[in-house]
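Below: a set of structures, written as structure tokens.
Common to both upcoming complexes is chain A, partnered first by chain B, then by chain C.
Let's look at the complex of A and B:
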């Protein structure tokens, strides 16, 4: 809001430094910030979803429990517009919620689409360019791509993203005794391609229009646990169970149309050589300059590690949680990192600490440490003729001060002209 | 007889405020606004009299401007202190921020507490007290007349419950006696109720069928174990149609038990839509039976909640109608 009044050095900070808040309503198992950064959706272990309002420092504004899941939630995903929320759970259901229907007295449930698959779901994400398309990775199965633009269930188009080995590596897969299954999927920032990671360390790229595999490569031999794309689409982070996070520089997927010409270079490998830590989850900041990861294991570490991605050096360890941290997410516009705890299901939020700086409010304010004897200026208390004073005042009134036009960018350079959906609140009824 | 709805607030101004002209109020308000907020001892000043807080002087906070006022200064008897629902000082009332509202007072003359929810008395004791007073005031022979006429038991029951109209008691048969709009509303809620009840029954039936299916699974597993070299074979037997389980479907399954056993022997993994892998080789469908069972139970719970809501709505509609009939007569 009034970021420009704050200390410019605090505003310019690119990553959070201190634990600011802990949200605890129910046992959170997974969560996600909305794209605009105003809301946080938290999937609970009882299958319901809680939405926090971050503008008011994390008050609960909705609890989606009617027609909710009946097993722990495995993933939540926001549409870019902020109106729809996709949830998946261990109860084999994918549900799409229309948040314009929450808190309204007329509608009892906000679920507008729902499908059942043949097994638990690892995770799902909404297509950034179409809120009625999503891709989901299923337990012990291939990933699916679903288009449910049509509200009639019989018209939902569910396609399997078959990761049939392309010829170049057909023999290597034939050798392996167990089948290859997809563990994670992720959209590119423009929704044109889906990246999927398998239990054998393959990264497969699918075209969302033809739904065919267009590229495939092998990064490692172990499970791929996370695939994270930086929001500007330049970098990809791959977290695998061989305890290494690989940072890959992505080719220009928009202009380079031929998938065969794509080259994926591993820029950096992040690993803890001493403790050989496993990484639970990773996330980029808005421009891909920083990478944050949470660590596996309760006794070893309960911290988040932040690396700077151009040189690959560790720059910060975020501390303060009292439990092992699972998922880690970056709230771009609020410069905030969130992570949920394994044991108590608390969501911890780290953010930038703004020191109060009152002198920024008016240019003639000066902050002083000690009292100083004030020496008046030469002309400070001179008697000025009323006429001259009036004239001066009138002159000042002529200058035009614009207080109506909102600024297009906030102090961190994020576009504030983008309108995002605002969840309605019913003041007549208690939320929880 | 008059109806006593859930209204417990009245917006009548009880305290005797002499009607002041707008100009006079403007003047007073200006003075009030510009009056000092603190005295020379740095004690905060309150009310229109601008005096510091003295122990024992009861004050009331304005809901419009957060300023505090002495009961005496705003002309409210301190007896009414528990009856104020919202208080607005005269400046805020003048500004249109709101009006002082009052809670309904307990029926006992000497009690100055507000009524309990859905009651005319502040407490049970006061109710008894009121009735005692009533008994003294009403002539004993009148009571005797009623007792003789109807008997003591019936006299005791008087007023225990709402005197429902006969046509309301059996509204199903008397639908044509109600006014048009009420009839439509009742028909609608009846329909909702019957649909919900039917759905609940359906799901209960489904749970029974699922239990039956599990028994059949056991039979099948025993059959399969017999011609296997292993000690015990358990099949997954998840079918996506289990959520729509029905009597014919279960019978159909029972009939095809032998076929399924043969298919398993032949090394197939699915029979029609049923997964016939061994349970330990099929982690994907692990816990499917419990999951579907839970789905049904949760569904029934939600439907029963709806049912209760519909029923409450219906009684409310009928009660409103009864009250309107009484009020007319």
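Let's look at the complex of A and C:
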């Protein structure tokens, strides 16, 4: 509700402009904002996870270190409800944390599910429609889809997601000597499909119900590094090692049931033609109108680039970090962009600046940009009797006042009626 | 960009207009005309007294709170003790002692009913564990009496107001102060938070209510009630009298602020428009409280929402928010009422007074909205 009292021009800004905060607790190697945007989970190089509360400008509220990973974390993923956190690491483990158990003296560890796979894990993500399902891409192996709704480890259902594209599309090099492996997986916004990207530039689409491949297409011949979908499900960004980000407009995956009718059009290609840099990571804003990317390499690459996606033009370069930036994530409701540094493992947060209005402190004053010719009102200096004044004031009080119905949207248009999980606090021992 | 902002605001206006049209008639159709009449006439059976506690030291009870799980009740006294009672049978549970001077305010952590924060005249704020009967943390920074404490919804931030004219925001996971808001020129008497915890409203004896952004600490707005017909810009200073604010409280939807001031009047503000929407006064225009900081709160469980406030004389008064009529003034504590707390929108009510008495009430079911 604070936004409705801020400068409307600052609230209407659609992307952040200045570095607001830097979080440094341990060496962050990967991080993710919670879906509601109030928490940030940071995976550390020592295998533990730290959770920051963003409402208090980044105070650490939990450090998950008991039964944590023993090698650097490779990905963290929040469930939509905000209660569960999935982490993967180079120690071959995937772990699911129940955050209602953290900071509690009665529970030793918050890990409620854990599996070991046959190698390090690139990344994993929780199904947006079911917090007990996830997909993970593994090092030099097929991607997996896991359903661990049943807490007993022997009842975990692990399915392989084929990385060889559908046969009718497969060309000669499907039979060639190099094996095709899946490097990234991503759920669509409603959890209906999984998109996977391979080392040969193919994108395969799987149905999460049947776990069958329903569509594949080839975008490039090089490794696909990132697959990012806009939260409204309209756009897909594909970052590959050929130094190009391809922006694809997605067909209506909800209503168009037949995968054969899908068409994927490349709308824009983003590349740095001067420095010929690879992109480390990409991310959309909430409605897919903006795209942000971080760049590979140490020279001239400590900045984030923001493009506007309808015309494909670069509109902003975010500066302020002192190291190469790896992952980039967009916090939609707070209009914030976060990115983690390679060298020191700091998380940098860019957000919108709200100027302090001095007139907020003096209710009778207004701020004006230019001098205005003041015209005295007819009754401005009339002396009105207190009784008449009071009577007049009371007459104005006849309108209906609704003190109960809450506003369901904030000034930026985000739904505020969603209740998100609150992580318990340890009042006894400071974490930091 | 300008265009879209403009449209949004128009949109919002239209929506509130629709709300107005849709909602006014509904309660009238749903409730029987007989009961509707009752919510505007004087009621002598709105609340039924269930229990009474008298402080063993007979010292003034400054605040009472019911735990978020509804199982315990805590109160604090001028002798510096906090007593916790089990609501099931009203048996005393623990006595938290440690403060060296009187305690002005307490608050339960909304996420953990075992945790209590207290604000004392000994300049400290303490965090207590009830089950361990132990003080977990002592927060020191204020340089004069601490008058109020409020947890945020997530329970990790505590906001305190003090007679040293500042508001401090504390991070309880680290025990450090995050920000100090120094914008008032007299003691802070009361603090309230919007339901989404993004705005802090403060009331001060300097007569101002200020709204702060909880995250940045910026002052967003100042509300002041001038008795003069002109603003401060045109009137000479001696004309402008801002009655000290003794209590502020956000409405359940966070769109309005209820303020009690020591001119004896309770006002309901639309803070977006800087406008007083409703004024609640005592019987025949008499003041409600002019000396003590009697709290004012909303009762939402009744057929029509009510405002409740204690008075200097010890009368617990209820007003209908819409008609501004006094609907009940039967409950008499016989001493200034210093604390009111309720559970589930007013289904149960706890009231405490300066002479060390605490009474516990339950609402008469026939006035509860379905």
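The rule is short, and it goes like this: the second predicted complex is superposed on the first by the 381 of 432 C-alpha atoms of A that agree within 3 Å, B and C clash if a C-alpha of one lies under 4 Å from a C-alpha of the other, contacts with A are read in each partner's own complex, and residues count from 1 in each chain.
The definition used in the following text is that a contact is a pair of C-beta atoms (placed from the backbone, for glycine too) under 8 Å apart; a residue touches a chain by one contact, two chains touch by 3 or more.
Everything numeric here is computed off the predicted structure, so don't read it as measured data.
After overlaying the two complexes on the shared chain, residue contacts for A:118 are found with chain B alone; chain C is out of touch. Counting the residues of chain A touched by each of chain B and chain C gives the higher count for C.
Contacts of A:158 after superposition: neither chain B nor chain C is touched. Shared-chain residue A:400: touches chain C; no touch with chain B.
Contacts of A:315 after superposition on the shared chain: neither chain B nor chain C is touched. Touch criterion met: A:431 reaches chain C, while chain B stays clear of it. In the superposition on chain A, A:418 makes contact with neither chain B nor chain C. Within the complex formed with chain A, the residues of chain B that make contact are 238, 240, 243, 283-285, 291, 294-295, 298, 302, 306.
Within the complex formed with chain A, the residues of chain C that make contact are 1-2, 4-5, 8-9, 19-20, 23-24, 109, 111-112, 115, 127, 129, 136-137, 152-157, 169, 171-175, 178, 183, 194-199, 210-211, 213-216, 218-224, 227, 229-234, 251-256, 268, 270-272, 274-279, 298, 300, 305, 321-322, 324.
By the touch criterion given at the top, residues 1-6, 8-9, 11-12, 38, 53, 55-57, 59-61, 354, 356, 360-365, 380-384, 386, 389, 393-394, 396-397, 399-407, 410-411, 413, 416, 422-428, 430-432 of chain A touch chain C in their complex. On the side of chain A, the complex with chain B involves touching residues 66-67, 70-71, 91-92, 108, 116, 118-120, 139-141.
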